[in-house]
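Just so it is clear, A, B, C and D label the chains in written order, and each chain counts residues from 1 on its own.
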Amino acid sequence: MRTESRKDVLARLRSVAGHLKAVERMVEEDTYCVDVLKQTLAVEKALERIDAMILEEHLETCVADAFRQGKSERTVKELAEIFATARK
Amino acid sequence: MRTESRKDVLARLRSVAGHLKAVERMVEEDTYCVDVLKQTLAVEKALERIDAMILEEHLETCVADAFRQGKSERTVKELAEIFATARK
Amino acid sequence: MRTESRKDVLARLRSVAGHLKAVERMVEEDTYCVDVLKQTLAVEKALERIDAMILEEHLETCVADAFRQGKSERTVKELAEIFATARK
Amino acid sequence: MRTESRKDVLARLRSVAGHLKAVERMVEEDTYCVDVLKQTLAVEKALERIDAMILEEHLETCVADAFRQGKSERTVKELAEIFATARK
């Protein structure tokens, strides 16, 4: 990843870690299940936004290089795999 | 799409259309909601497999061409968009 | 399902079938992969809205009855299963 | 949540937090994007399993109580909302 994107991804991962810590506390304090669920779902959405950023970075750097160098076979397979895993 | 893939995608789309027709009949006959839901979810999974096939075809043809011709900007944007839409 | 909901679900299923038919034509005419993908994803979203309607109907009728009659064990298992399948 | 389930959910949340910490390190060490993505996707799957546990607990306790007491309107709305949010 390029330096700017890496910094951005790291800041978001740390924010997600903080959010997750707050969810732990909610469970310890026996908060209403539905309120806990709303928060775990929000954490998942935040992680999905991070995935999207990493993927875009990947497309603009590694994927672009691989296609330019005619070594795209592995790249295509990896992208197809990620797409499939992300939807499961 | 290449001819082989197009044929395969078409066959699967027609099979999904048949499946969907069967779901209509289930609803007309007032089948138990949970059994209907299981079938609509199965139709969605079948469509997701079709998406995966189209995407792989896209990566191996259009995307490969775009990167080789140095015209990848639109391609990267489109892939990022599809990834985001698919996960929503 | 209650009559009103059943009519609504049927109308939506038929609309999805029409949409799917249009996607078939797009593939036959060799439309750009990304434009096809956007349509298959739209069909999936439409199906997901139908799922949501069926589920809400199920909760308000069958699930309510099951709990009132103290026969909720199967119902809970079914709901948990549908939730898990829907997210896969 | 009942004590056993709460303990189980907490243990899993802590394990996810550890996994997320490892992903941070991968990004700091500039690991290949695809390998990072595989891990963030795995974290999301682990969170989805936690959602499923909390939902099942919710169905067996709060939802059961609400229906038995004839106060199911809010409960149905909440379940429909969670289902919709989880699929977005």
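The rule we apply is simple: a residue touches a chain if its C-beta (ideal position, glycine included) is under 8 Å from a C-beta of that chain, and two chains touch if they have at least 3 such contacts.
Computed from a predicted model, the values in this text were never measured in an experiment.
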Q: Could you tell me which chains make contact with chain A and chain B both?
A: none
(Q) Are the interface residues of chain B and chain C largely the same numbers on each copy, more than half shared, or largely different? (A) same
Q) So which one's got more C-beta contacts, A-D or C-D? A) A-D
(Q) I'd like the Å distance between the centres of chain B and chain D, where a centre is the mean of that chain's Cα atoms. (A) 27
(Q) On a C-alpha centroid basis, what's the spacing between chain A and chain D, in Å? (A) 16
**Q.** Length of the line joining the C-alpha centres of chain C and chain D, rounded to whole Å
**A.** 23
Q) For chain D, what residues touch not just one other chain but two or more? A) 48, 51, 55, 86, 88
Q) Can the chain contact pattern be summarised as a line, a ring, a star, a complete graph, or none of these (other)? A) ring
Q: Spell out all pairs of chains that touch, sorted by label.
A: A-B, A-D, B-C, C-D
Q | Touching residues (chain side chain B, partner chain A) in the complex | A | 48, 51-52, 55-56, 59-60, 63-64, 67-68, 70, 72, 76, 79-80, 83-84, 86-87
Q | Contact footprint of chain B on chain C as seen in their complex | A | 1, 6, 9-10, 13-14, 16-17, 20-21, 23-24, 27-28, 30, 32-34, 36-38, 40-41, 43-45, 47-48, 50-51, 54-55, 57-58, 61-62, 78, 82, 85-86, 88
